[in-house]
Amino acid sequence: MNETKNKEKSWLRNLVESFGLPRLIITAFLLILLILAPFVGADLPTQISNIIARFSWNGILVLAMVPMVHSGCGLNFGLPLGIISGLLGATLSIEFGFTGAMSFVMAIVIATPFALIFGTGYGWLLNKIKGGEMMIATYVGFSSVSLMCMMWLILPYKSPNMVWGLAGKGLRTTISLEGYYSQVLANILRIKIGNLVIPTGTLLFFALLAAAIWAFLHTKTGTAMTAVGSNPVFARAAGINVDRIRLLSVVMSTWLAAIGILVYEQGFGFVQLYMAPFYMALPAVSAILIGGASVNKATIMNVIIGTILFQGIVTMTPTVMNNMIHMDMSEVIRIIASNGMILYALTRKTEGSK
Amino acid sequence: MNNGNAPLLEMRNIKKDFFGNQVLTDINLTVHEGEVVGLVGENGAGKSTLMRILFGADMIRETGGYGGEVLLNGQKVQFNSPFDAIEAGIGMVHQEFSLIPGFSTTENILLNREPVKKNLVSEVFGDRMNTLNRTMMDERAANAIEMMGVKVDRKMIISDMPVGHKQFTEIARELSKEQLKLLILDEPTAVLTEKEADALLESIRGMAKRGIAIIFITHRLQEIMAVCDKVVVMRDGYVVSEEASSNTSTAIITRQMVGRDVDQPASAASSDAEEKKDAPVILSVKRLWVDMPGETVRDVSLDVREGEILGIGGLAGQGKLGIPNGIMGLYPAGGTVVFEGKEIPLNSPRSCLDASFAFVSEDRRGVGLLLDESLEWNIAFPAMQIQNRFLKNYLGGLVKWRDEKAIKEVTDKYISELAIRCTSSKQKAKELSGGNQQKVCLAKAFALNPRMLFVSEPTRGIDVGAKALVLEALRRFNRENGVTVVIVSSELEELRSSCDRIAIVSGGRVAGVLPASSSVEELGELMLSQVI
Amino acid sequence: MNNKKKLSVRSLIVRIVALAAVIALAVILAVIGRGHTVYFDNKKLDADGTSYDPFYKVEVFVNDKSVAKLSEGDRGMVPVMGQDFKMVLHITPKKGSKKVGSAVSMKLPYNIDGIVLNLPALLSGAAEDVYMDEFIPTPTAEEETEDVVITDEFALPSDE
Amino acid sequence: MNEKTMRKAKFGAFLSRASVPMMFIIICALCIPIAGLSPNYLVNEIVTRMGRNSFLILSLLIPIMAGMGLNFGMTLGAMAGEIGLILVSDWQIVGIPGMVLAMIISVPISILLGLFCGKILNMAKGREMITSYIISYFINGVYQLVVLYLMGSVIPIKHGSIKLPRGYGIRNTVSLLNMRQHLDNLIPLNIKGVKVPVATFIVIAVLCLVIVWFRRTKLGQDMRAVGQDMEVARDAGINVERTRIISIIISTVLAGIGMVIYLQNMGNIATYSAHSQIGMFCIAALLVGGASVDKASIGNVFLGVILFHLMFIVAPRAGAYITGDSMIGEYFRVFVSYAVITIALVMYETNKRRVKSMEGERLRLDQEKEGKDE
């Protein structure tokens, strides 16, 4: 009897240890929100549709964390760099006059070389400063965003749908994608049952990329990448060119970020320029951490769980809180929870990060 | 000198074991005021452990304390931390420098013992807000330097100093402690130039005259003879001799250090040694230098014959570990390495592995294993990456998919072959014991099907049972697969029992290559011949 | 050991004294730094059956600086620090009549932010509760609108 | 030969240290004529900004001394200062007494926040900077919880002028009109049309003296030791963890006081954004002054303030003149701030690695020479 009690206790402790206390709290919080939602008058199917939609927009941005975490480059605080590649793809695709689904395809095609170039430079830099990746990644992201702020003004864009109407030059802060690729993925096989809407196409696209990453991690090079992240000295002793693998991971992360922002835009319906990419790294970082990743370990499951939990809290708290106590504390809760999660991950001791 | 009172230090019947492994047995050591005692012994003889006990190191307490008693001036003492030992008047200069690089000599000498002046702020916020008394600091540092008798610039910044001066700064720091009665010097001359070493010996004599007792640990026997009143020789956790230095000689000491009372059984492999004598040279190393911190290799030339087991022995820090690490490209190296008539480029782990070398590193946790990954990964990884094994090819070889089944098969094979104790092939490497981790490292190397295997310290830090298994596995691998093996180890006995020939490295050079059947004394002499 | 303990008692006392000093300083600052806004009314006031007529012109000096020139029916104001309030008034009672100087000093109530002084009543020597009144600000319509609160840059771009 | 290479290395180190300030001098030299601002205006602005920012930047020095890098957590102190000011302005304590009282209130808050920050940083040794950076976001959330929800509902706030109309929470801006520039104007001095905030400069000078003095205390010495080699310091009996926490606490407290000085000059509090950028600008200014992640002096602070803010003033004008778009200059200065921090961080990390490889290089040369001798 006593023994079973002990067992239960250790089972609980194991759960806490393997799952992490903050993660447990966040999961419990989301569950409570979901349970409360109908009681405070929120429509559950709408809420769930919201979560799924948000998941489909953000999933790939979170997925972009995976390669760099695997190769030991840490959390990709430099996500904005990839996002900028995506934005270049998006704006150029529109500038060249592509419309509809074609504009989405072309955006990806155009964004790819930018992502490869930026990613290579970024990866080269990160190889020079092993050990200080995260801080420098943050500032590389910030610098590139502010540099692009100037570029959006200077570059000779002409399309009347994008430039400021009065001045006739300089891109607008938000560009509507109506008539371009707004919802092109989401509309594929869209399912609608009452208030429940599922953007099947976007989910499939995410699944496609996630499966590709999963498959990559099962190949020879993918295995080498994981080993580099787990113990770079071991990998070197086994004849792996550590720098090249790291570079590859950074390029992959950057490219995924570029694709991620395009998918985000197709769901959201707008391209956001200027300071917008600035604020997109931290939510992605904390999402993957909430999903159970650590500074040097991450799986596809972490991405999926993390994005659902994070986006769930983002969408649920305002509605539930507002209806319950007429006080919209969702912003504050989100800031504390997501940054707290990052702090928690940073203070864990990790073997591989040397 | 000996005035008939209770001796300054007396260690009685000191015993110490690490998890059942007896490392010190009934050690008795007496040191009188102003006496210089030389302490010699091979690595692993127990010198460091003995000194750690004396100095109250945390590591001793954490591993279950020690037996016997330590008396200072006739009173039993028990140190719970190095700070207690310092309080009681014991000072120790470690092999690694413990200095703040950006501080001046003075600041380092008085680190955390700075004389201070009180002020108003410190009344409120506590003593740490006292201001430093620079004039008094200078005075005290000058005193300590004078006491040492070697000229050191008080104002020089440590990072600008030659190594010798750093060493002297450390000694001056100990001397600046007023309560200092006994100073332990752990291989202080290892980093000094000849001139500096002479100065140090001179200063040791000076300190002894002032009544400070000194325990002097070194491998340079002539220094012992030059400066010590008494020589204590340790071997395998025993004190084998305690003599006035006038009654002994370097030759006697050497024999005592490595000698055995009874003749050891002849090397197990020596029977085949004869036939391998004529085997062709498979690996030829010429003028190899390796920049491995703490294990520098200088100008090593060495031939390895096909199918033999070559042992490389030597004291710690003399460069034996640098040889395999340098050849395998883990540390910057130069020289030529020729394998089967083909030159192998250095500084490139990949080309060594391509030449079907394999290496089991002495740094299991740092280099040898993916601690966070499964045994399967650990064992199959290099073979997969180097030889494209355990992979399934799709799309005409464009996609190289991990073949989990083949990986599991090979892992299970080695688990049973080497008797690796684990819950399954999916268990994480970090969860295994040291001995089993070592077996995983071996399995990793075996899985590469190498023609040439380097094994570095294969038995370090593992228990006796595992030791025998590991060595046996190596011998079998050598015999059955005809693989040439180079074993680097600090344990002479181990080399003598497993190898065909033994090369002894001393001072970063090969001091000589002897058949494994050579006597321990012969090998020991080589070991000490060029010590730096 | 004993020595050490004694020392810590001593330092404890020093620390308590220092802390008390800081708290005392804070209290003193809170008292002397209390700011008030003093409003001067040059208006007709009827109270307790007495009527106080405004002056033709009043100029108010605080700290040798002219802070208000009031015609009939005007209101002026000055922000001041502390409760000791001194002002000098240059009064022209009727049009064309001669300027009269008058120095007034008074204690302001600590708890009131905005204090309205009716100058005619004050100078006629009326009781304090007659010439002194609390100023209650009426929020303007513009202020009433809810501020848009910017949170931090961490927030996702608003995508509702 | 050895000495020559040494000197060369030292000169190289000097060059790399001086490169960022040099770059800024060049940028400013190019922009000033283009911007076409009067020298009087420029000097006035610079003097004002020196008074406004120097104290805040000085608060960064002590953690650098203790080897904890650039303290992005100084934002915590800034928040404490803001809370002090919000409370004081609700209590209607004005002028210099109000400022001092706000500082006194901020100190215990800063100590608590600094303690929290220090403890967390001790758990994340080796990545202090990114951690302190995230801490600043985390505490910003807590700050918003307090200021936006607890003030007015739990913490009494009386005045409608600073409270949101909904009854709790603080407005977007809080006016500090009744203490605006009171410190700056305490001792008025006007040299040829340049207003000099003498009293503020005196306060800053006192802090500089305190920092110089602090370096000579036991604690200062301990911090330097801990900053250079934690293990050695620990072996010598210094309580490393405690020393590091204290350094962060001191920095946070100074930042709190500095924020009060900063805001008295500004004359109002942007309740939810004043602190968020302050850390970044202070760090950028310090780096522009030639400081690095592990070394910074008082001189760096002042040089940094002058150069950085000179750039800040002239860049938008120059940008507008060249491109005809005022936003370009705005973005340019933000870009430069970030770029400076990026460059400084990259230089710090690469230097760390170069030192290591240089040691190996020397050993190799020695051995090669020796090898040839034999």
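Per-chain residue numbering starts at 1, and chain names A, B, C and D are given in the order in which the chains are listed.
The criterion applied here is as follows: contacts are C-beta pairs under 8 Å (C-beta built on N, C-alpha and C of every residue); 3 or more make two chains touch, one makes a residue touch a chain.
It should be emphasised that the depicted structure is a prediction, and the values quoted were computed from it without experimental measurement.
Q: State the chain with the largest centre-to-centre distance from chain C, centres being mean CA positions.
A: Between chain C and every other chain, the largest centroid distance is to B.
Q: Which chain's mean C-alpha position is nearest the mean C-alpha position of the whole protein set?
A: Closest to the centre of all protein C-alpha atoms: chain D.
Q: Using Cα averages as centroids, what's the distance between chain B and chain D in whole Å?
A: The computed centroid separation for chain B versus chain D comes out at 46 Å.
Q: How many angstrom lie between the centres of chain A and chain C, each centre taken as the mean Cα position?
A: Chain A and chain C have C-alpha centres separated by 55 Å.
Q: Would you mind pulling out the distance in Å between where the CA atoms of chain B average out and where those of chain C do?
A: Between these chains, centre-to-centre, one finds 78 Å.
Q: Per the centroid of Cα atoms for each chain, what is the distance between chain A and chain B, given in Å?
A: 48
Q: Where in chain C do residues touch two or more of the other chains?
A: 151-154
Q: Can you tell me which residues of chain A touch two or more of the remaining chains?
A: 282, 331-332, 335, 339
Q: Sort out for me which residues of chain C touch chain B in the complex.
A: Touching chain B: residues 11, 14-15, 18 of chain C.
Q: Using the touch definition from the top, list the residues of chain A that touch chain D in their complex.
A: Listed in rising order, the residues of chain A that touch chain D are 77, 125, 128-132, 134-136, 138-140, 142-143, 146-147, 149-150, 153-154, 170, 282, 327, 329, 331-332, 335-336, 339-340, 342-343, 346-347.
Q: Name, in rising order, each residue of chain B that touches chain A in their complex.
A: Against chain A, chain B makes touches at 328, 330, 349-350, 352-354, 359, 361, 366-373, 377, 381-382, 384-386, 388, 391, 399-402, 430.
Q: Touching residues of chain D toward chain A in the complex: what are they?
A: Interface residues on chain D, with respect to chain A: 120, 123-124, 126-127, 129-131, 133-135, 137-138, 140-142, 144-145, 148-149, 323, 325, 327-328, 331-332, 334-335, 337-339, 341-342, 345-346, 348-350, 352-353.
Q: Enumerate the contact residues on chain D facing chain C in the complex.
A: 91-98, 100-101, 104-105, 137, 140-141, 144, 148, 159-161, 164-166, 169, 171-172, 178, 272-273, 276
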